[in-house]
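The data blocks that follow each hold one structure.
In the two assemblies presented below, subunit A is common to both, partnered first by subunit B and then by subunit C.
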Partner chain A sequence: MFEREAPLGYALVLPAVLYLGVFIAYPFLMSVWMSFSDAQAGNQKWTWTGWANYSKVEAYDVLANSFHVAQFKEKKDAEAFLAARDKATVTAEPAEGGKFKGVLHVAGKDVPVLQLDNDGDASFAVQTILSDFDWSVAKSGTTWDVVAKTKDTPLTLGEFQDRKTMKDAIKNEVLVEADTTIQEKGTGVLQDPNFVRAVKNTFQYTFGTELLKLLIGVPCALLLNRKFAGRRILRGLVVIPWVIPIAISAQGWLWIFDSTYGVINWALVHSHLVSPGQVPNFRGDKDWAMFSLILVNVWRGFPFTAIIILAGLTAIPDEIIERARLDGANAFQRFFYIIAPMVRPILMVSLLFSVIFSFTDFNTIWIITRGGPYDQTQVLSTYAYQLGINAGYLGKGAAISLFMFPIMAVMVLAMLQFLRREV
Partner chain B sequence: MGFWHRIRGHVTSWAFLVPFLAFALFPFYWAIITSFKADANLYDLRRNPFWFAKTDAVTHQPYHKDIIVPASYPAAPIHWEIKQGDHTTRSDSEANPKPIARIGDQVVYSPVDGTLSQIEVPEGSTARPVDVIGTIEVENPTVTHYKFLASTPFYRWMQVSLLTGLAVVILTVLIAVPAAYALARLKFHGNRVIGIAIFLTYLIPPTILFIPFSQFVGALHVDNTIWSLILSYPTFTIPFCTWLLMGFFRSVPKEIEERALLDGATRMQMLRLVVIPVVLPGILTAAIFAFTLSFQEYVYGLTFISSTANRTLPVGISVEMVRGDVYFWGPLMASAVLGSLPVVIVYGLSLDYFISGMTTGAVK
Partner chain C sequence: MAEVNLENVEKRFGETWAVAGIDLTVHDQEFVILVGPSGCGKTTTLRMIAGLEDVSAGDIRIGGRSVVNLPPRDRDIAMVFQSYALYPHMDVYRNMAFSLQLRRVPKKEIDRRVNEVAEILGLTPQLKRKPRQLSGGQRQRVAVGAALCRQSGVLLFDEPLSNLDAKLRVHMRTELKRLHQKVRSTMVYVTHDQVEAMTMGDRIVIMNGGKIMQVATPLEAYDKPKNRFVAGFIGTPPMNFFSGEWVDSKVQLGGGVKLPYPRSSPNGTKSVVFGIRPEHIYVRPSGNKGETAVPSVIEVVEPLGHDVVATASCGAGVFQLAAEIHDGLKPQDKLDLQFDMARAYLFDRDTECVL
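Entry: the complex of A and B
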């Protein structure tokens, strides 16, 4: 039997294996090669460029967020120093090597803060610390320090080509204790702030939607599992968002989210919850835009979660639940001690599928926000499209797509582990 | 047991499910009601948007539209082609629109669907540029947005999507059915590995592959044609359907196969006469999914096709029905409603197959 089956078996799977080999494995390998090359739209010959698409640092920006401008033994001395800030002045004084020191004059003390190449830069930088930074007194170790801090606009101390000159320069330039951060500048996607934001958004989008899908899908499945007239029709209706192409149904959501004529804002204004001038701009404000994306994805995905969990619930024999009821278990106990453990395996599978769908989702984001406003809601797939197809940087686009792969691989391994145990 | 006692369970189940149902269906209700509203009603913010209104909220007059002589027309005597009280049809939703009036040798078309309610410049009088020559009472609810779709490539996109879906279904069934049977039933080396590999390819989404794929279809010289879609869509339908069908083949009792073989049938005969009829519901489910998945696809359609005429329906609607930043909500919602119909019909006819496919596809 075994001998006769093998040739037939190979013959029957061959078309599928050939097709998938040509149309999935080949593009996938091509994607890896493109991500290591200078592939661009219209450029026929691609050459190997190593990791340049992933990470290529061309310069380091040194940014300073806070300076300890003075240290005192006593708290009241520090506070007196802080109080004298209004009358403080700044001068630039020549220093050795043709450099200039920016000096802060506060309460009779002269504090050299920075040493820069010319007097204009030195006095400007120190003046910024004096007038634009927030000053406060903080205890640091045994001393009381007067600290000048900023949240959003750190002072740029310079751009450097390599790490060593940068370190030396910081040592020579900054004359007080200071917190500095180093920002890489370059042409790789890792140096692209939009890419970093896309990674963050992808996770936020995925976890936000999955949590909500469970919170809505589980109760929905429990209700659909009850026996009542019209159950089949209701189940059919709940699944509709999953059936309609999202690119089409998202047009309806666009209209619902419209800031002038949309129904949500109409309801908010007419119920006097929000005044007409302050209605949310669902697609123009970055937080509302992310909220809108999550809402649409949850709307589309919760039926899937509910139906899969429902399948798990239907598989639980009625007698088990009935016996628990007779034994005096209330509805919550029955849910947490009997139903939940029994649907857990199926729930995990649906969750993994759902996570993969959300993590690699393109359609919802592309139609609702197109990654906007100003790339604030880009996720990996949309940013790959933006850079790879719209801007023509095929290599970078491929690199961004491939960033999804390791995470996908982890999910898939988890799923395989699971299947091995179950099947 | 009293009546109330008997129906209480049903009523509470419904009551608790209503919020879920409302959430799931509201966008469709909203798209449908929008698609039938005249623009005048659609943008009247003082009116309750959940239903139709006949009159303007401020003037309490029926919604109307003035007919204005284009500024480029010369002043000339007017000749009315229709009478007061006659119905008019918006010119851009007609293939051969009928003029409502002539001014000299120029023609005037109706700006909106409705009824000619008032004539300001009577027959034979001189009509000057930017004069208001009459008023049309707007028809509401109206099918004007649906008629407008005829002037767009909407039906062409529908054709592309349906044709692609059909071709993909055939290709998928031809490749996935034999593969699924072999993987589920026949013993050969690598059987399990191939099964898992096919499952893994199902998990590689189009969003990882679309950039190299766009170059690949270019190299095959099928970019911008329907063939690029027919060749690429099976990358997700074949793995899914193979996986789905393996579950169905496994559920066929081995004994009926063995008996057929013992009765002297060849394996191919046995497959054709015994196994395939038994798993027909499974094949139908696979076909339904292959069709739905290809109808829903967006990234490949967006990336591979650049000419308006060859777009698929979801891409066409989302890319071409919006001009710059201007959304024409009426026609857009009409196209969304009509565009959903093919999958809604398939779904409605195969509700149970569809839901069993959703669960087996994910679980088995």
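Entry: the complex of A and C
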């Protein structure tokens, strides 16, 4: 039996196949199943629920944030209308079908704006437009319009069960030209504002860190590729952030970021650059928190980028650089015409790995901010954990983690395609 | 005018002397070959001319202008590297055009020059290819082409043929010589192969241990070697050497071999090295004056075709001789070999200079 190679070959790959099956394929398929079921902590029997974990719209909110209250041929008429806003009044008038029109009375004009189910809602909504919105005159096509706008507190025009009634309602309810937005409400993760924010955060985190890693890693590699005393020591030191376990180094960063006792704020206060009341709250403010996460990931990841690029640089034969010097290329031209294109394939490989690490990073975020403050820095991996494990919604957690899969697949395929073209 | 002058040029790497003070003038449009064993400082000399290596001492002038403080790109030189140093990400056209593009030569002119050079080198069908899609010989020609496009006064070559197979090497030898006659740049060419040196150079510079042993035309280097090193380096198979004593117009070698040495020679007794090329040892007397019979035994016969290299031994030691296949030499033959004393050399055993 030892004469033939095939059985031995199968025997040798069997452990690997088992490993792939047990530790990769099974959990993956399991989470796919979970994401299509009502799996929850404490729920023994899972039943198929289709796409409900991904997207289940229960209602549509219609929001409006700008109304064209009136239109004029002449600009001065529009301005006169705007000036008369202070003396404007609002009434609710009965309309057909038992509905009520909210009417705006300005400068002798009566403008029906909305038509709602009861008189209180109608007059309240129009009163809000009158007193809380910002009014201005704007040219729109051939007419001059008086526009009422709001940035952050749009008017809710109602909640609807399906798209058709919603469309009809908008047509019937809004009597002037208006900008409306539709917000889906429901129990699927796509309807969860935290999930939408987690997607945005994941991209921000990934591309923010990758860009910074390149901006720091490339010069670092160029520096380490030069001959100078202590180069070997420096090469060793540079990789330290990469080799320290993240659980330990992130703990260090936690101390650094402490808003009262951390070294950054301590230094800012004691050098009298910033008063104690105005120091950045690194983990408590959502922008600073995202900045802190990116900082930690860049600090930890740039050595990897630098070392890979350094490997690419050392692989360029000296004679190529010497020929470029003879050809008349100065240092910049050598970098952009010779070195960069020759390093690019290996740089893409490092970028590929790095993007995968950052896109799926859990540890850094979990240790530094735990997704906080108030879920403002959740990324897909932490939010999946938060929802799936901590809150017990296993199905939704699985659905969130599976969202990463197609996105990553697209990114990886795009980069591999690029690599194939390069080499 | 691109004459190259080296004046007492030295190069030291730490404790080792790569080049230990050389003087050399390469005339305008001359094809000069630097030849010598590996590690003798040829590459270093070339790199100092190119400006890739600073001189430790001395002066280098190109076209009468001292260049030791000029960067490589301002020296009016182009170089072909041993590894070809082609830019792997650029196609052949771009490889040849790159230096011209950097020098802001007009696009039309670049196109004209690249196409002309490609035509000369037979690279026109390959212009759109990347280096990795080319054969070794084609890459080598691209490297030469890139240097030619520059139309610089001086072209430097560092063992450009050493990565080619034997047949292609012989072909490129002729090709490069033809090219030199066409472009008329000053060429400095480094090789460790004395056959290449002899066949290609207008003059050859034989180097050893960082020093120049002799500068001569190929014929001079063969006929009138200045010292034992040159005599042994030039010529295949190499010259035979025997140490002996010079006494009273005779050379006494080991084993009682005594040879008359007719040339005017130093007086008295002297320790010498006697040298004679294999091709100046004959199987039969030719009737020339100055031939001396030396009883010998043939040990090995290596036929190369028409020519035969035989190894023989006499009382003074083992030596090689060049014969013809029709001479019918066989191992164990005992015969009197004729040493052509008119074409033999005597070297001082201490200074190794020819006497």
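Everything that follows uses one rule, which is that the second predicted complex is superposed on the first by the 406 of 423 C-alpha atoms of A that agree within 3 Å, B and C clash if a C-alpha of one lies under 4 Å from a C-alpha of the other, contacts with A are read in each partner's own complex, and residues count from 1 in each chain.
One rule holds in what follows: a contact is a pair of C-beta atoms (placed from the backbone, for glycine too) under 8 Å apart; a residue touches a chain by one contact, two chains touch by 3 or more.
Here the structure is a predicted model, which is why all the values come from computation and not from measurement.
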Fit-or-clash call for subunit B and subunit C when the two complexes are aligned on subunit A: fit
Which superposed partner A:317 touches (first subunit B, second subunit C, both, neither): second
First, second, both or neither for A:329, with subunit B first and subunit C second: second
Contacts of A:404 with subunit B and subunit C, given as first, second, both or neither: first
Following superposition on chain A: angle at subunit A, subunit B versus subunit C, Cα, nearest 10°: 70
First (subunit B), second (subunit C), both or neither touched by A:338: second
Partner chain in contact with A:362 - subunit B first, subunit C second, else both or neither: first
Which superposed partner A:143 touches (first subunit B, second subunit C, both, neither): neither
Subunit B versus subunit C, judged by how many residues of subunit A each one touches: B
Where subunit B and subunit C come nearest after superposition, their Cα distance in Å: 8
Complex interface listing, subunit A residues touching subunit C: 317, 319-320, 322-329, 333, 337-338, 341-342
Partner subunit B, residues of subunit A touching it in the complex: 1-2, 5-6, 8-13, 15-17, 19-20, 23-24, 26-28, 30-31, 34, 39, 216, 219-220, 223-224, 226-232, 234-256, 258, 261, 263, 266, 299, 302-304, 306-308, 311, 346, 349-350, 353, 356-357, 360-363, 366-367, 380-381, 384-385, 388-389, 394, 397-398, 401-402, 404-405, 408, 411-412, 415-416
Touch list for subunit C against partner subunit A, complex: 50-52, 71-73, 77-79, 81-83, 85, 87-89, 98-99, 102-103, 146, 150
In the complex, subunit B residues that touch subunit A: 9-10, 13-14, 16-17, 20-21, 23-25, 27-28, 30-31, 34, 42-43, 45, 49-50, 174-176, 178-179, 181-183, 186-189, 191, 194, 196-198, 200-201, 203-216, 231-232, 234-235, 238-239, 242, 267, 292, 295-296, 298-299, 302-303, 313-315, 317-318, 321, 327, 329, 332-333, 335-336, 339-340, 343-344, 347-348, 351-352, 354-355, 358-359, 362-363
